[in-house]
Amino acid sequence: MSKIKISMLILVLVLIVSASLFVLPKVINPFQMDTVERNILFSIRFPRVVVAFFMGMALGVSGAVLQGILRNPLADPYILGISSGASLSAVAGILSGIYFFGKFTIPLAAFIGASLVSVLVGFFGWKKGRLWPERLLLAGVGLSFLFHAILMLLMSVSADERLGRIMFWIYGDLSTADWSLIPIASVFIISGISISLSRAKALNALILGDELAHSLGFSVRKERLLLFVSISLMTAASVSLGGIIGFIGLLVPHVMRFLIGADNRFLVPASALGGGTLLCMADLIGKSILSPMEIPAGIVTAIIGSPYFLYLLGRRDVLRA
Amino acid sequence: MSSEHKYTILHFDDVGFFYEKNKEFIHELSFTVSDREFIGLLGANGSGKSTILKLASGILNPSNGSIRLWGKPLQSFRYKDRAKLLSYLPQLLDMNVPFRVRELVAMGIYPYDIIPEMTLSEALNMVGLDGKSDLYIKNLSGGERRRAFIAMTLLQGAGLLLLDEPLANLDIKYQIEVIKLLKELKEKKNISIIMALHDINMALQFEKVMLIKDGKVLGMGNPEIVLSRDLLKEAFDVAIEARSFQTAYEIRNTGS
Amino acid sequence: MKKLIISFLLLTSHLLFFTSVYAGEPPNRIVSLAPNITEILFAMGLGERTVGVTNFCDYPNEARKKPKVGGIYNPSLEAVVSLEPDIVVMTTDGNTKEFEERLRSLKIKTYVFKAKRLHELPQGIRDLGIALGVKEKAEGLSREIEISMNRLTNSSLVTHYSSLKKRVLFIVWPEPLIVAGSGTAIDDAISLLGCENIAKGTYTSYPKYSVEEIIRKSPDVIFIGEGHMNMKETSRALLKKISKVPAVKNGEVYYVSDSIYRLSPRVIKGIDEMARCLR
């Protein structure tokens, strides 16, 4: 049963990827390409799809893992303030106009910002030798508000020419994706996913509660820390690739849980697949629907995501009191 | 009544524990649990029952004294190895876990690399949940949920079970069934059980009872002796008497 | 001797930089990433060679018919590349270093038009003209602009106003209240016309201004940019709030077209418009 669902999902992914590469916004026939088309296919479309897939995977898995660690189905990687921290950092980079590392500057700034916030949240969430879900959550939300406020402050006093660019980055813009960032980002993302997958049993146990997880033979402190680190890596890498894209971390695990169950040994890879597919689809829609104007993928996910999220709230089997 | 005990499984030696500085909660606690023992840990709320179980399971570390499992210090065990030897079931069970019954119970084999003897269906059978393996935990009644967790603990197959008020929320039918089941396990599989409870009458079912007040042992041994009027008054602050309801149960069963 | 060689090398490299791009024929395929650039290109006679513009390039009329590459902040990389441009001209406004870098990594030539202020416009056009191989046309265009600006500065009207020290405010949008502060072409225009911009000294170019501050600074003249909306309607509420201010009391509130918004040859028209209102 689940195998059929997963196969269908893979089929959908293949369709979306094919459409992104060969069909939209303009058809490119791979067997009859001229140099310009070849250039577009390999230098623009291909890296874009790869970036979208990696980001989607990272966000999907981070969402699934975080919902497990925090024992909260409403958790999203950005609830921990990682997105605000990354945005603040990236925006500060954009505004300062410092461009030491060329095109790596903004992604690097975003990565550093995301990582710093993770450390901060971890620091506040740490007490008596381990991470506490409630503390993590509160620290994350609190820091999120703080950074967001600082970000708004920066934006309100900044010169307007760069403002537009900032808005687009904040909403998740994949339009300038190229190959250069992919190697290093993918290392972080694959590592994060591997760590999460290897600790999937521990994650299942953590969901039952700290004491039961301990009884089942897991070091709660070690597992939670390890999983938290993997989330931070993945999310920071994702943010540095293409900005903030919401809802994927929140919704994909929900949908996958509904389709194949809550066992993280299957949920984690399924969320990777689902997240990658969803983001590829969102980016495809964003670049095609008002072509040649591009809608950032983050806006598309928000438009699709919010109503679906509200619909989820109405379902009995999702958030039963 | 009690068969020969060959091994010492758990040994508390002069254990002390405090939650806050200078306020000792558990004082100089010493006791031994051998194989094939079924011990009831009885006391008022806040008397220290849960703390003792948590100390025994390694969730809490003693501030002084030592705890030994099979002769070795508890803290020296690798987590997985310890999980094969003892399992702990807390009093409060989260109802919001997103798993199905069978997924939850199957988690009992996590400490193991190979599948243990007991199968999933056996475990479910023992707690009377065989027809419900596909249901979601959050859709079960409180009692059914507890039984599912008990099944998971059973599947974990540890030699020492530490259960914190496992009879809470259970119908009397299931309370008795669980006690019967645990007694069976003790006999057939040489398992030892320490169970915290505060139903005094149920405590009479046990061969051995530890009566706790304010982190100190008031008495340990045969319930008929330990649950005397004086000690009970000290433990629970009220004049009461323990009476076995085995009689009551038999009356119901003879169909009148 | 060494110094001579170094200065010679520096000089030639500078010359090379300025003349390198198109010493001979102007490029055949130009893409513009900003409306004001499109206008300048057409004004320099490069309209035929412009093969791509943004969705917002609406002047001159011929520009509307050109293939579109997206918005100012979000142009489509693919659209630009598929037009096979010889050069892409962009501004610092909105377009970003990232996009430029990306184009360059795809081996597409770019030119960044840096002029943002009124007095930078003529030189900016000259430099653009050199880079695109239409030096004379550009020279002519920029001289025209300089002459017009001079004419305005030296006109009797303006000298009259200078002595009056008229206080002026330019409202870009009434609600939320956004005005033209220092560092904008509009601010330059106001100074050109010998008046004082009451919103000068703000930290950003188009700040959200406080209504209180307008009342306190009591401008003599208020300009409101037309834009695409019916500004008279939208600004009604605001004007009511500041009705005691001299500009409103004396009926010196003028609605002007958006010519002044774009830093292109048309900006002169905008300044003229403002000058006529002041008369």
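Letters A, B and C mark the chains as written, and numbering starts fresh at 1 in each.
The definition used in the following text is that contacts are C-beta pairs under 8 Å (C-beta built on N, C-alpha and C of every residue); 3 or more make two chains touch, one makes a residue touch a chain.
For clarity, every value in this text was computed on a predicted model and none was experimentally measured.
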item	value
Arrangement of touching chains [line / ring / star / complete / other]	line
Chain closest to the middle, measuring from C-alpha centroids that were averaged per chain	A
Approximate Å spacing (C-alpha centroids) for the pair chain A, chain B	43
Rounded Å distance between chain A and chain C, as computed from the means of their C-alpha atoms	39
Geometric centre distance via CA averages, chain C-chain B, whole Å	80
Multi-partner residues of chain C (each touching 2 or more other chains)	none
Residues of chain C defined as touching chain A within the complex	55, 68-79, 81-82, 84, 92-94, 96-99, 101-102, 105-106, 203-206, 208
Chain C-facing residues of chain A, complex	25-26, 36-37, 39-40, 43-45, 99, 102-103, 106, 156-162, 164-165, 167-168, 173, 175-176, 178, 287, 291-296
Chain A contact footprint on chain B (complex, rising order)	54, 57-59, 79-84, 86-90, 92-94, 96-100, 103-104, 107-108, 110-111, 136, 138-139, 149, 153, 156
Residue numbers on chain A that touch chain B, as the complex places them	71, 73, 201, 204-205, 207-209, 211-212, 214-219, 257, 261-263, 317, 320
